[in-house]
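Heads up, the thing below is written out as structure tokens.
Which chain is which? They are A, B, C and D, in the order written, and residues in each are numbered from 1.
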Amino acid sequence: RSAVEESGQGGGATKPVRGGTLVTTVAAEPVPGAYFTGRPGNIFWCRNVLETLLILDENDKRIPLLATEWSLSEGNQTFTAKLREGVTFHSGRPFTADDVVFSFEREMAGDGLASFNGAMEGWQVKATGEHEVTITSPRPLQEIVWPILDVTPIIDKETYQGLDDGSKVIGTGPFVWSSYQAGTELKMTRNDSYWADGLPYLDGVEITVIKDSTAELAALRSGRVQIAGGLSTVDTQTITSGDSFDLVAHHGLLYGMGFDVSQPPFDKVDLRHAVAYAIDRDRINNQVMGGLASSPSLPWGEDATGYPAELANTYTYDPDKARQLVQKAGATGAQFTIALHNQPVPRRIYEIIARNLSDVGLRPSPRELSIADFEPLRSTGKLGPAYLIWSATAGLPPALMVDALTELRPSGNSQNYSDEKYARLAQALIDSSDESTTATRLRALSQKVLDDAFFVPYSITPITNARASSVRDVVIGRYGRTFRTAYLAK
Amino acid sequence: MTTDTETTSGAARRESGGAVRRYLAALRTPRGAIGAGLLGLLVLLAVLAPVLFPGGYDDQGDNALAGASGAHWMGTDELGRDIVARTIFGLRTDLTLLLTAVPASAVIGTLMGLAGVISRWLGAGMQRLLDVILGFPGIVLGMSVVLVLGTGWSALFVSILVIGLPLFGRQARAGLQVEQEREYVLAARVLGVRRRTVLTRHVLPNIVDPIVVNAAVYMVVAVFIEAGLSIVGLGIQPPIPSLGAMLNTGARYLEVHPAYVMGPGLVLLLLTLAFTLLSNALNKAVLRR
Amino acid sequence: MIRFLLRRLPSVVFVLLTTTVIAFLLPRLAPGDPAAVAAGPEATQQQIAAIRAEMGLNRPLVEQYFDWLGGLLTGNLGESYQFHRPVSELIGARLGSTVELTVAATLIMIVAGVGVGVFGGSARSRLSRFTADATSTGMLAMPPFLAGLLLVILLGVTFRVLPISGEVAVLDDPVIGLQYLVLPAVALAVPMSGGIAMLVQSSMDNAWRQDYVDLAVAKGVGRRRITARHVVRNSLGPAVVAIGIRFGEMLAGAVVIEMIFARNGLGQLAVSSVQSADYNVVQVIIVGAVVIAVVVQLLTEIAMATLDPRVRLGV
Amino acid sequence: MNAVPQTIVPETRHDEENALLEVRGLRTEFRAAGGTVCAVNDVSLAVRRGKVLGVVGESGSGKSVTARSILRMVPEPGRVVGGEVLFEGRDLLGLSEPNMRALRGSEIAMVFQDPQSALNPVLTVGYQVAEALIVHGVDRRTARRRALELLQQVGIPDAERRIDDYPYQFSGGMRQRVVIAIALAGSPSLLIADEPTTALDVTIQAQILRLLGRLRDELDIAVLMITHDMGVVAETCDDVVVMYGGRVVEQGPAEMIFSRQEHPYTADLLKAMPRMDEDGMRRLPAIPGAPPDPAALPSGCAFHPRCRLAEDECRTTVPELAPRGGTGQAAACWVTGRGAAIPPLDRAPADGGDRPGPGGTSLLSVENVRVNVASERRSLFGRPDPVYAVDGVSLSVAGGETVGLVGESGCGKSTLARTIVGINRPAEGTVRVGPDGVDAFTGAGTRPLRSTVQYVFQDPYASLNPRRTVRQSLGEALEMRGVPRGARAAEASELMRRVGLNEGYLDRYPHAFSGGQRQRIGIARALAVQPKVLICDEPVSALDVSIQAQIINLLESLRDDLGLGYLFIAHDLSVVRHLSDRVAVMYLGKIVETGPVDAVYSSPQHPYTVALMSSSPAPDTTARDRERIVLTGDLPSPKNPPSGCRFRTRCPIGPLTHPERRICAEEEPPLAETPHGQLAACHFASEMAVLS
């Protein structure tokens, strides 16, 4: 026998077919403990085991799952949802409104690495019937409730502690967590008592961790796996240029640069502006992001309510202007470190930015940190003069982002930036309860962000995956695919 | 009284006096000549890199991952930089690293090996310490260093330095033990020459040869260490190129752009080959007289 | 033999103890705060403080060390910060892969290294000696990762005959598993075999000059038999030592090879643990690597003793 | 060089039909980058059935290469380029390699010089003996049985048990026996023995020579015995071939050669050897110069630069090996070929007549010194037991006096010497130096020790730093004496002259000198600090006989000129006799007999001394049949010396032959005065007078 041939694959058909195991690969390992937030390694399992009330697909369409219908009332400060009946957890226990209340309470308490708990402050979540829950909030909910529901899977109160290390992962999803080797491998099998009749089609889903992009590519090509997450953009483009693989782009990552504004040299706003002009966003897009990214000056997604499109291109590549601003700030020849993750993409971005900055008379040097070292420093504002981040918050409602993205928080941010007017503008945006107010307030806030330039975004890039064309009907959510309706075409 | 007519036996003629002459003899063997020639060429390239490539190693362009062309003999990398230029600058980085860290390792290792001269306990302690270092597989030690120092030049330097210590330390100690028992050393002691003088005058010069040979051998290992750590992403920091770091990135474009790996890979191979040949030749010429 | 082992015991114990001390101190020497690392990126100061207390980082260093050492000895290796899983489980899951790789590579190394070496050491024609020389020099100069990349390009991309990424446990499915193993094992074995070959060849050259070879010739022994009985037998000692020493390098090489061939072995675990400052895992891997290296060294010496009676009887 | 005349084996060969092996016109060359070395040049010789042919010559004269050429075992890059090797009428040089291989070991066997390295360390001795049979088609079981017989035959005690031992478990003498057993395995008719005893002690040498003699008698094997020792030749050989510079210069029956030499080289060589039965009142007649480098042989007769009879013809034309006097003797010399006799060499008396007698005061005295040589490393089980290589030795040396120290290898001579100069530390006892008897191992004693006592090493190749010129080496010594930098050049030249070297050589490195010259430099370095006593540790044992005589003469004249005292260590009894005033015989760390040289040599009182003397071969065929005491066994290890008298395990008059003499095992004999004036440590000392 030959291992090369054995893993070969067949051609296409269109009708859903039952059976088969979908094999996926990710570059980052699954982190079961991060159930209330996104992790690159969780995309292929999280939404298949742990279901949410509803899921937002790549076009932000709300697809009902455990909730069947919902409504907003009382100046958008109350949210009511009817829950699906006849749903059971993998343990066999029936699903009720109490489970929803429990899940939200854990999230607000900060479990599961919850990242939106700041925005949920003051929320009251109550079971208003066996299969109905009501959320009341001191602030309007119309902007932020959807992504929060999307990030909040319903967990089993009896076993949720097993989530931390993946020893017991119980949800209501179409697949059952069956075998797990931390950091290398995860297998899921079909949930035979799934609430939707006939679903899922697949017998199982396997996830292998392959850290090296080239190796992932080889695995795809050899047919050993059908979907790969975490391929470099170039590799994705290479493989999807043939006809048996599709490029799937969805949601996005926000890339930007933060500055410690409390210290020289970046205590001078001119210098921050200079940097904003110095960065060659197009080069980053072409050479790192495979040309798929947009290069905004603002952190928000373009489809945010009331997006101030006219401000989006405030900063464009203008080295001359940047040089003048550097001189104006008296910072020519200034030396500083730029902290970054020790990962391939941030490294490459750093190389471009460092080159751009030295072209305008600055002298940056890299400070590479592991994610584990980087993040604690980021949350305490100790990353040094400048740093590069990437964040999965791209495309979230601005009202949510000003809390969820550390760099944009009015207080306790990573740049040691504190400005009364900014805090006021941010709070106003959060408190806005209708679209037109949101639009004016977002413009004002955007102007302030651009003026103070304490955080300079330079790229919003869709997340790209390569997928064998035989894999059909995958629902793509921000925090994970669900393979409930997916099947392998023969 | 009679005077010997002057004759020398064959065996006597083979051992010889001038150290430099013996090293040069190594270069006259085919291996030595090829190795030295190759190394000379590589060093020359590295030294002349700024002249040959005035654009430097970070001359970014729009034309990323382009194939070979007149302007870029091996094409460009993912940021549109000339691969040949980066390879040569990478070679420069590697050579700088090797030519500082390996000698440092040799000197410190030798001193550790000779510590027994000061006190027996110190010498034994040093040997145990070297045993411990020897127990660490190379890259594992390198990773430990990275844990403490973070990635970058200094971690590579320290890794290469530390990993080499046992090689030189043990060699020096073995040499010391042999040399101390040599009759000419005993003769000097009988004459009443001070210990320190005996050491520097009679013992050390005779230990140097195997140390030099080992240093040449270790150069190859050091290249492996640099490249190994770089490949797993714990090497030198961007944008400075090193051969290993280029292999690390180049391996991501193995399919679209094989020349990206081939260029630095070839230079790396030439580098290790040069040192391998050279150490072989030195070994034959200097140690096996 | 027992006396021989007893004699080696003190230095082995010393090396291992010192290694544990170094491994223990690593996270404390590193710039980051182990508690902050353990707590994860989003932790608050209070959470970190709580974790510090929980991890016992407030207690005296010596006490912490002995606790940790006690844990190591009783098999309680701690928990990974990264995966929130017992380290022993993480290592257990990956051990098989690395063992497969290193065992296969060692076999290849012994066969290729000793083979080329014996070929070169017994060859008489200039051409065969040159071939042996060139082969071993070339192999010696070829770094494992480069060999790996070249093999990937050649056999995995250009001529697709062998799989280049991933693995199937040999015990589960020998036929397929071996195919996955071939390329990484070869890549890993190449430079090591070069070294072994050179050593064998030069010690054979040396053995050929010994008086006992002359005596054997004078006895009327044929060249083949001299090679087999006298020369090779006397040259394997250094080779065995070299194989033992290179086993440590083998572990190191496995780190890189696993990366290139996407094998989920201990090397991968080591790299990702270093990258994410997962100290508990790194510490155990360091101690484990040193233990293995030391044990192999001892085994080597035992093998030496069986090959050479002088060592065996402690002369 | 002139055309070499095609020398043929001399016509008048007796028993021509009897020749087992006949070598004719053999030439062997080594081709190297630096040119061609003709190591064996037109050599002809014949070995008669059942007889022993001795091939003698100094180092580099081509003896080994001749032997190897016969068996076609010349090492690379050597080639036999001419001549014939006729073995039982077949020309071996024309045989195919398989035929040659079949012949090696079965018809012609070889014994090598160094028993340490001639045996494969990783194979058992039994296997190595049996292999010699297996390769000639004997099955394993029979081979092993035969191997056991052979080991017994060559005198390995307890052979059944030791057959599966490894070579390192055997002493040197035992190993040489094993090598001989291997050689005998195929029942060869010719045995080539290349210096079979050179690496061994005289006592062991005597054992081996006796064994070879017995085997020849019992098995009727012919032997080609290579040696550089005229004494061995005289004692064992029937015929002799003398080689010089790759050529045969003289050959003939042993008795003829020893009674009348036809070549000046042979004659002078014999005279240059000190003899045990002659005192040292006169200088040795040394042959000037050194043996030639085969890469640059002098033209004509290779010996002419050193020959006192040399004429013009000798310098240009190579003399033919021509028969002399119809007795089977032949020589290659123009001068004697014309019938001229070799003028007797008058032994020059010591400069200025009788030398001044030893000065009375002792300059060096060793009192009851014990030296522990056990390694000092602690193991897990504490310190190792002490090993006393020197165990309670006392002796003293006065100015102008030479004290000879003899004993077998490993008896502790070097250890004692090294202790005296402070390289080793004594565990007990004191060493006093200078006229005032300062204790050398106190802080105050270091200086007097250094300036009083100096050391001359055994190995002239190892005792000079190869990286330092002669001037540097001497300068270091002069610096130690405190000679100011400016005066050192003159002093160094003076030292060079003193030891008979050209002062122009000062800036050369040691590799440019021959062994004898290096030894002179070593002596010069020792003299540089103007010591009162020189400790010479076998200073001549690594040198050729002709050079040895030069160095001995040099030492003698230095002693007489400078009033030096010597502690002269040697294992060659005749050299000691020649030089010494007093002699001490050492056995296993103890002195067993000591006294004035005449007394000890004329009437040795300790059985060990007697055995040593009778084991030493004398270069005289008339002494061949003298009564000889050959010791059995080997020197015991100093790790656990025998109780009582240490010599009892080998003593010819001890418990071995007289089981009733239990005192030997129970009580250590003290050094007691004997009627002849020396001290001896033997319970039955008086008995030896009868034996000797």
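Note that contacts are C-beta pairs under 8 Å (C-beta built on N, C-alpha and C of every residue); 3 or more make two chains touch, one makes a residue touch a chain.
Nothing here was measured: the structure is a model prediction, and the numbers come from that model.
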Result of counting contacting C-beta pairs for B-C and C-D, higher pair: B-C
Interchain centroid distance [CA atoms averaged], chain C/chain D, Å: 52
Interchain centroid distance [CA atoms averaged], chain B/chain C, Å: 22
Length of the line joining the C-alpha centres of chain A and chain D, rounded to whole Å: 90
Distance from the mean Cα position of chain C to that of chain A, given in whole angstrom: 40
Where chain D touches two or more other chains at once, by residue number: none
Multi-chain contact sites of chain B, meaning residues that touch two or more partners: 150, 233, 251, 254-255
Set of chain A residues in contact with two or more other chains: 212, 214, 342
Which chain pairs touch, all of them: A-B, A-C, B-C, B-D, C-D
Chain C residues touching chain D - in the complex, by the definition given at the top: 6-7, 9-10, 210-212, 214-222, 225, 229-230, 233-234, 307-310, 313, 315
In the complex, chain D residues that touch chain B: 37, 59-60, 286, 288-293, 295-296, 305-306, 418, 421-423, 446-447, 450, 453-455, 457-459, 461-469, 473, 476-477, 480, 500-502, 505, 509-517, 520, 522, 525, 528-529, 547, 550, 553-554, 557
Contact footprint of chain C on chain A as seen in their complex: 1-4, 6-7, 29, 31, 33, 113, 115, 164-166, 181-185, 208-212, 214-216, 218-219, 222, 224, 342, 370-376, 378-380
Contacting residues of chain C [partner chain A, same complex]: 31-33, 36-37, 39-43, 45, 48, 79-85, 89-90, 93-94, 152, 156, 160-166, 168, 175-176, 179-180, 259-262, 264, 268-269, 271-272, 274-278
List of chain D residues in touch with chain C within their complex: 71, 73, 101-106, 109-110, 112, 114, 117-123, 131-132, 135-136, 166, 168-169, 179, 182-183, 185-186, 379-380
